[in-house]
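As written, the chains take the letters A, B, C and D, and residue 1 is the first residue of each chain.
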Amino acid sequence: MPETDAAPAVNPSAPRPADARPPEAAPTVKTPEFRSDVTVELVRSSAHDSDVLFAARVSTMGELTLDGAQASADGAQATKGAGLINYLMRDRHGSPFEHNSMTFYVQAPIFVFREFMRHRMASYNEESGRYRELNPVFYVPAPTRNLQQVGKPGAYDFLPGTPEQAALVDEATRAASIQAFEAYQRMLDAGIAREVARIVLPLNIYSSMYVTVNARSLMNFLSLRTKREGTHFPSFPQREIEMCAEKMEDLWAELMPLTYAAFGANGRVAP
Amino acid sequence: MPETDAAPAVNPSAPRPADARPPEAAPTVKTPEFRSDVTVELVRSSAHDSDVLFAARVSTMGELTLDGAQASADGAQATKGAGLINYLMRDRHGSPFEHNSMTFYVQAPIFVFREFMRHRMASYNEESGRYRELNPVFYVPAPTRNLQQVGKPGAYDFLPGTPEQAALVDEATRAASIQAFEAYQRMLDAGIAREVARIVLPLNIYSSMYVTVNARSLMNFLSLRTKREGTHFPSFPQREIEMCAEKMEDLWAELMPLTYAAFGANGRVAP
Amino acid sequence: MPETDAAPAVNPSAPRPADARPPEAAPTVKTPEFRSDVTVELVRSSAHDSDVLFAARVSTMGELTLDGAQASADGAQATKGAGLINYLMRDRHGSPFEHNSMTFYVQAPIFVFREFMRHRMASYNEESGRYRELNPVFYVPAPTRNLQQVGKPGAYDFLPGTPEQAALVDEATRAASIQAFEAYQRMLDAGIAREVARIVLPLNIYSSMYVTVNARSLMNFLSLRTKREGTHFPSFPQREIEMCAEKMEDLWAELMPLTYAAFGANGRVAP
Amino acid sequence: MPETDAAPAVNPSAPRPADARPPEAAPTVKTPEFRSDVTVELVRSSAHDSDVLFAARVSTMGELTLDGAQASADGAQATKGAGLINYLMRDRHGSPFEHNSMTFYVQAPIFVFREFMRHRMASYNEESGRYRELNPVFYVPAPTRNLQQVGKPGAYDFLPGTPEQAALVDEATRAASIQAFEAYQRMLDAGIAREVARIVLPLNIYSSMYVTVNARSLMNFLSLRTKREGTHFPSFPQREIEMCAEKMEDLWAELMPLTYAAFGANGRVAP
């Protein structure tokens, strides 16, 4: 997504954008930064358990006034509401879980976003390497990240690496990131278009995006991108997208506690 | 969508549901009601012009904090914001218009819902004739409704009917509705399942639903379901769904005035 | 949806369309017809088990030539293919089941189409009551159709009706259909626009449509619209849409026998 | 995405998968390969202009037999068919263009796939860096690739680079690719899981996928991912995804010549 004129006004002292930078300018030296985590913030939401109940009840009480629906969702109806939500979840009546919306701001490496955007029931706006110069922020696995893959395809398990393996991953990732970013900067400094220069950047560079989903879509995402004991279906997510999913799950659980409880109680399957 | 146990608690004095009514019970006499309008209420929304700006700016200011984004969306930035939204609309950068949500409650005849639900980028929960006994509320065209179709297929125009035509439509619609509902009630009174009895009900019976959309999807709907002079593409909606669309449009225009203005200024085409 | 042959320049000798019929013309007497079945034909398809295998194998053999993929899908690989498809189904790797397409032509009553079109992962083109005069073909339940609904909401069961009930349904449905169609014809004969006159038609009038789906979407449809013993999740479809689903299932089973077998073996859950 | 041949029971003589390679094994030396093009093959299709006509005509000739539809699509009807398709395109009757399917096999660099998969109305299966060891095939811009970006954001233009710029891009891209792949191989050779090692690979490494679309979805893609003079709306695609789009367009044009012509004649806007 482009933006034209807003940047200078926001920060008039900001460095001139790369496309204006003459080839002879002294390169802006950016120091690479390494992270091992992801950022997930809840930007906006309109998501309540009562929305599920309203939507479900329109089926059976078509002429329902909103006041009446509210009454039936409040107070003494709490237990009943939980029962209805559980029933909807169990019997896969999924549509009442769609009348809500959550917008998350996510910072994660590109290899995570690649998996993320395979989920088509969501709205995305991602930072563009065509429209802005990317910052040298790179993902490096934490020392606790499992490094060895065992088992057969389709049912891999991951075990801790040896200290030597951990050191190699750390060193090789940092070195490759720095080298790649130097090549990127060298091309930008020579006046090459951002969209060309960026092609040498590695999959562990961070990007950021807004993603908007409803609870039904989010449950599908969580079902496939978290690995838990005792779920109805097994899932084998890569750890880094699971880190995003876990943060999204925590934020969602606060917004819709009854729905969240029913999701867990019914094997973490999206209805 | 079904509901099991909630109905009695909500209104313990409500008549016993139809499925419990013994065949020998005295029929509940329901008096048919006729309407010529539709109901559209905004139930919930999280929809602001600033959401569009946030989403668009993440492209160019990836590491943007939310505070910064808010600042750039407020105050002196208002004009600038309008310009950016207009640019996004004009050049079909549609995804920033998806990070918002509006839930409408709609009452309209079934022939309108049939057209409505062809729009797949929306979430629906409709009153179910399988789960509840339907009320005898029927649509009858208002005297001002155009009744004569002229022109060639694909570009029909509609003109006022004669007084005789208007009288016939009014009379025939009322009579057919009453006859159909009598057949429906007769079957229910004989213990026939609701899902079977309802098949004789006409397309002008009212139903109700919750529908949730985002602004991009709504613009697509409005583009196809309203007929305006000077739009980029012509549309030929049936008047009754246009009545719904107009009410949705008014409610949306209040929520997102800049986006709404840009939609109009760019030929009412969904980006 | 447009009508082609009415564009005068294209075919000046075409019969005059219904909307050109002068009010004074002698009404075309159409005799109502009653049916108790549905029509489902496979119009087009490009759907093979090998498509599933190709798509799955691109994940692990990226540079795969098509010849190689074909070889690995044929002959001695048949058993292996069945195993892979079963594995994909079981572990919910759904995307390989999307690279295929089936177009069905369906004739069914409108109350069935109303349920059908709630499935948004499909492409539809339906006969339009705005563009053509509808034929008086109506659904009437067969004598074997269960008529009594027992059990509690959300888990209804349906039992045979009494002979009196069956007779009532048959008589009331036929009478209501005939009355409604007479009102429709009376309005058409008076020069009322088709889109207005049709509103009195009942939900049991037949319509027809083209619907295109892929196997993943079809499995979701079958999972929800057929009721079988021993499935992973229970479903409670109305019998009439199940009649459509069963015919679609039979046609699909012939096209993709391995996929179909895996669907059944894994609880009839869409992956 | 699974790998088939690793299930020991299925094929015990299969070569040991990469994840079984012991750390001490001599590394497989893979020589990096550089390309400046993309591969697009049509794998499967069921896509004909007549499908559009069938679907459109079901609206107006509901009870149409297939033979009748075929007849009206053939022979003397050819001109009429072209007219109808043009009319549908012009007035945005989009649904008749959905009853068809094309599956493409695409090889392109990851930065292209990142843009590609933002199109949600398509089915994708991509080579997985989690399930297989990736090959060192990298994209390097051809000497003819424009390298300088001029103009303002939202309306960039691209001009040829200087010989020095071209040389820098070529050299820097090759060097960065080789360095990154060496880091990748070093980690694999040390027994690091593929899903971890791959994170250092650059965005210009090739991947491959199957993508299935219908003509309506494809037109939307082409509308946004090709840049042509005289189109209804301007588009600013990155050249590399446009290279894919152009090949897809050529293949589609052969399958559906009337639809293709109407797309061009109406400003290359998806209906």
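Please note the rule applied: contacts are C-beta pairs under 8 Å (C-beta built on N, C-alpha and C of every residue); 3 or more make two chains touch, one makes a residue touch a chain.
Quick caveat: nothing in here was measured; it's all calculated off a predicted structure.
Bringing subunit A onto subunit D by least-squares fit of CA atoms involves turning it by 180°, to the nearest 5. Of all chains, the one whose Cα centroid sits at the greatest distance from that of subunit A is C. Here the CA centre of subunit A is 24 Å from the CA centre of subunit D. Distance between subunit A and subunit C, defined via averaged C-alpha coordinates, is recorded as 37 Å. As a whole-number value, the distance joining the C-alpha centres of subunit C and subunit D reads 31 Å.
Residue numbers of subunit D whose C-beta contacts span two or more other chains: 2-3, 7, 60, 87, 91, 95, 118, 124, 131, 153-154.
Because contacts link each chain to all the remaining chains, their graph is best described as complete. Taken together, the subunit A residues at the contact with subunit B in this complex read 1-7, 9-10, 41, 43-46, 51, 54-64, 66, 68, 71-72, 76-77, 80-81, 83-84, 87-88, 93, 95-96, 98-101, 103, 105, 107, 123-128, 131-132, 134-135, 207-210, 212, 214. Against subunit A, the residues of subunit D that register as touching in their complex are 2-3, 6-8, 17, 19, 109-111, 113-114, 117-118, 120, 124, 129-131, 139, 141, 145-150, 152-154, 156, 158, 161, 164-165, 168-169, 172-173, 175-177, 179-180, 183, 186-187, 190-204, 238. By the touch criterion stated above, subunit C contacts subunit A in their complex at residues 60, 87, 91-92, 95, 118, 153-154, 224, 233-236.
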